[in-house]
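Per-chain numbering from 1; labels A, B, C and D assigned in written order.
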Amino acid sequence: MNKYSFKNDYSEGAHPNIIKVLSETNFLQTEGYSQDIFCKKAAEIIKSYLQNDDVDIHFVTGGTQANLIMISSILRPYEAVISADTGHINVHEAGAIENCGHKIITIDSTDGKLYPEQIIEVLDKHTDEHMVKPKAVYISNSTETGTVYKLKELQNISNICKQHNLYLVLDGARIASAIVSSKSNLTLQDIAEYCDIFTIGGTKNGAMLGEAIVICNENFKEDFRYNIKQKGGLIAKGRILGIQFLELFKNNLYYDLARHANDMSFLIADELKKLGVNFLYPVESNQIFPILDNKLINYLLEKFEFYIWEKLDENTSAIRIVTSWATDEKSVKKFIEEVKSFLTKIN
Amino acid sequence: MNKYSFKNDYSEGAHPNIIKVLSETNFLQTEGYSQDIFCKKAAEIIKSYLQNDDVDIHFVTGGTQANLIMISSILRPYEAVISADTGHINVHEAGAIENCGHKIITIDSTDGKLYPEQIIEVLDKHTDEHMVKPKAVYISNSTETGTVYKLKELQNISNICKQHNLYLVLDGARIASAIVSSKSNLTLQDIAEYCDIFTIGGTKNGAMLGEAIVICNENFKEDFRYNIKQKGGLIAKGRILGIQFLELFKNNLYYDLARHANDMSFLIADELKKLGVNFLYPVESNQIFPILDNKLINYLLEKFEFYIWEKLDENTSAIRIVTSWATDEKSVKKFIEEVKSFLTKIN
Amino acid sequence: MNKYSFKNDYSEGAHPNIIKVLSETNFLQTEGYSQDIFCKKAAEIIKSYLQNDDVDIHFVTGGTQANLIMISSILRPYEAVISADTGHINVHEAGAIENCGHKIITIDSTDGKLYPEQIIEVLDKHTDEHMVKPKAVYISNSTETGTVYKLKELQNISNICKQHNLYLVLDGARIASAIVSSKSNLTLQDIAEYCDIFTIGGTKNGAMLGEAIVICNENFKEDFRYNIKQKGGLIAKGRILGIQFLELFKNNLYYDLARHANDMSFLIADELKKLGVNFLYPVESNQIFPILDNKLINYLLEKFEFYIWEKLDENTSAIRIVTSWATDEKSVKKFIEEVKSFLTKIN
Amino acid sequence: MNKYSFKNDYSEGAHPNIIKVLSETNFLQTEGYSQDIFCKKAAEIIKSYLQNDDVDIHFVTGGTQANLIMISSILRPYEAVISADTGHINVHEAGAIENCGHKIITIDSTDGKLYPEQIIEVLDKHTDEHMVKPKAVYISNSTETGTVYKLKELQNISNICKQHNLYLVLDGARIASAIVSSKSNLTLQDIAEYCDIFTIGGTKNGAMLGEAIVICNENFKEDFRYNIKQKGGLIAKGRILGIQFLELFKNNLYYDLARHANDMSFLIADELKKLGVNFLYPVESNQIFPILDNKLINYLLEKFEFYIWEKLDENTSAIRIVTSWATDEKSVKKFIEEVKSFLTKIN
């Protein structure tokens, strides 16, 4: 790729600290399948961040894998999971959840988030054994549209779940960006308090690969490694996952990386807003969706890579700009300059 | 682990070349999900090794994942796979194949290998729709008992498969050790010629993680990435798999590493044989199973780590010694010395 | 049930002819698992109705079973089926299709039917292996809202399916009522011509139980009995299914029964229309959805059984009236009288 | 079939009482999906036979369906069921259990039964999450080889199961023949006491179709109808299942029918034994396996239908003779006469 890419937050490798420690520990012999000292320490450090010693932590290689393992391990065959229609499990996991046997009940979403009254509506419609039984609620934070949950919003969903015996599952592939977002007051500890099970994503925030699954609900802890193994998620050299999370959670690196990602997306957003640009979704994390004239889009595509997200009318489209821990500030500024330059020219 | 371990061939990290290139390429931006230049080049170099341009190559993270993706993607729901009872899919994958919906029809094996007449016997018993329909044959090479297939043996199985419309699937988690074994005349090209689909294992021969799936049968190529994605095997930074295989197949490193592993296991085996030790299975690759007096075993366990494989009688057991690309020759020699020293003492 | 019921078309047993022949043939010894002479003859007579000798016909016990067997046997794991959101497989089969591993892609429907442009829209959104691959289209005729397809409508869907390599699956649980409907010019032969696989429902048109699966697409014929067996659909005394379909298709009984059902529903509908009643969906088959004042509904519920389908506003709701082969004309007339009587009183 | 058949116990229709009541109740309107008065009464009468009011009873259409619903509803994805290698779920259900995601761990059996020490051996081998977790034990009574469990044998298995947290599942497709067998002291009440879930078979003892699932373990009761529905086992006119079990359990008909079946098989067995015939398995129920000279077998096949079960050597084979509630005593006597006549001739 010759053009600078804002296509996603997994275009580069890993944070250099990770490569360094992988190299340093390379010839140390360890136990296999995540029963090594690095995985143990990584679990400890995450627990200390969560200020919660009662959770179980497991490491798997990717987000789809984490989601399918979490959801298939907590549901009975006829139980279903409720998700926003924009949810990753519904759109971009090639039917992984259904392939594990479970229906996803979708809720039309305008901002990627779920709200209590929508969940109630689903429950009201599912009344007998001719239908699936809604049993889990899946949310992602940040969402697929870049929005983030506030503490109160998570509490509200959690309350509804508790009242109706629903499990709350949170997909944290981009949890770092959500937690450090200036638009949210939610902490990692809150998430561990209000969810039954959730992930802390590594891949999109500085790891080569890896997602941590955090099990908060006591009932889901037993035999969880069987679930991981059966789905092909238990890797022989599990140490490489432990090492990465250990490095990410040293000295707040995990949050620092996410702050950089957000700084870069907000920098772009703020400048575009000054130029009168509107956004398809609220700017709240490292994914932003500016609405631009198609001519400007084409101009930018000559110099940068990014996805056209949605055609809005004949002349305008929303694009998706994703920044990351690795995003180069100079390229960000160049992007802004190019927008300004184009707009100046045509005016 | 303070004691030197012969427990398995995944106790260490990755070959240093791999770490080096991961580091060097770290900030290069690439496409996600294995559509990057490294995966493309890795596929090319493997094809050149296979002297076969008509295969499709995909990279996934682990062996169980590779097996479940391969087998579930080629079978209809009622079709079953034939395996030795010792086969990895039957014993050590937590029911992954069954969880994908397919029965494993097992054949009692004394050496970990399958033979044509055993396959015929299975076919003769499966006569109508009240039973599953045998449709694939799964073999591993080297096998779980350390044995390796010879060219003629693979040809024989392949012939039976072709005659009876069975697909031949080869689990190559330890294919390198099998290919370079002095006990086999089989080449990687042969395997590509006679199998419908197989893996080339990275994890146990120098990679941090990664298995290459090689699709030879034209019918299995279409849409294969859907299968990988749905099973959680498509990782965002697929580049790290491509980079590893690219390094492994540069300058024959892959074979050199396997040769070292075999040299180490044969060194131990040869010395033990001189001391009158018998083996549970023929010594043919990097896994060997010497039969030792329990007192000797306990003595060795004070200094080394390895698995007790099977208790044979009150006084003797078979142990499993696994060597690898990373096995330290000095530790091997120390192991031999300890055996000699113990035997001298008691005589 | 003391009140006369219009709740569904499976409140009674079977047409007396069926009971009679079950009795007459009771002690005849036959082959098991639908390989008896009755199943063979029933298949023959259905083929003659279809004027098509190239189809395969199998008998299973119920509609959900038929749908899950059909759909799971034609799709690869990552392939999905498109359905109206009102479709039986989406709403009222407890997630049976997903439990077989497949996503149902839903289309919002106002009348229970699918239209080509909606299918195209789905295809346009499913572009790569991160999403499921739409591969089948499921329609029901008559639909769950009582509407029926016209020949041209079925042809249009079939064309789109052929152009895009989609299989067309038709759920004919209430196919008889659709075929004889005055609102449709579609024949059973047309359905066999344009669909890849479909069912002819027995349960809701005079049988105790039983659905015939008709396979038109050559590729789905091989090994189909394996699919039925594996899903628990092959019953030992398959003869009882054969006997029922044989009787139903003798002397056009199947159509005569459906005509009676439709006559009864249209009789109610016509009278209600005269009284100014509107309907939630067009009146086209044996399921009708009159919109009534809640007071009238409560009055009727004292004398009849039927489902309240949907509350429309504070004062009115749509109810569902289902008639069948067994519906008693006197009770139908009484129902109409009660409506009239109530309306007279309040005016 | 012109020759009299001893191939199985489902060659005829249903006991005439059943047909009679189906006819008498035919036009009664009832609730659908087994929520009718007949199913309720049938459950009551079975509970009274079991002298147990704490069980839940459900009716499904066939044995494979019952087995797959029972087993898939009680196991987590990675949990496996232990069965004799001869077990119906292992051999003759086309992989239904595996298709629901669960491995069957087989135990080599000589008589079709399981013994505690064999179960212990399986448990000893399954030690960690790389393997499936054995969680249920499946037995059939009578077994597929015609043998029956004695009370003490069932108690022993039950004890082992309780000690190791294994569920005990009993396939009672031929439970009637087992219960009334002179070779067993086991009662239906015992089975309800010692098993977690089991079936009472209708199809092979006088019903057209139908198996009753009896749930004894409190934990399996909730939501069980969801499982039935999702697997396609909930039929619209569930009444026909209720009516049949109601009739079968009136005035001990169920046992009387089974006694007739056993009388017929023992009559044949006793006479053959007098003639010096040996049997492949002990004669204990309505399935017997005499070992005959191939010439005699061929002679008999000209006049009767039965299965050749296993070729034992060049000259002799075991055949399977199955008798049932409908078996004609005259034909039984004719069969014995033909054997005698042939043996006289050749001597």
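Methods note: contacts are C-beta pairs under 8 Å (C-beta built on N, C-alpha and C of every residue); 3 or more make two chains touch, one makes a residue touch a chain.
In this text the structure is predicted, and so the values were computed from the model without any measurement.
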*If you tally the C-beta contacts, which comes out ahead, A-C or A-B?*
A-B
_Most widely separated chain from subunit A, with each centre as the mean of CA atoms_ = D
*asked:* How many angstrom lie between the centres of subunit A and subunit D, each centre taken as the mean Cα position?
replied: 51
*Report the inter-chain centroid distance for subunit A and subunit B in whole angstrom, where each centroid is the mean of the CA atoms.*
34
_Computed distance of Cα centres, subunit C from subunit A, in Å_ = 42
*Quick one: which residues in subunit C touch 2 or more of the other chains?*
77-78, 93-95, 99-101, 129-130, 132, 226, 229-230, 234
_Residue numbers on subunit D that touch subunit C, as the complex places them_ = 1, 4-5, 7-8, 10-14, 16, 19, 22-23, 25-32, 61-66, 68-69, 93-96, 99, 203-204, 208-209, 226, 229-237, 239-240, 326
*subunit A-facing residues of subunit D, complex*: 33, 72-73, 76-78, 100-101, 129-130, 132-133, 223, 225-230, 234
_Considering only the defined contacts, which subunit D positions touch subunit B in the complex?_
77-78, 80, 91-95, 98-104, 106, 129-132
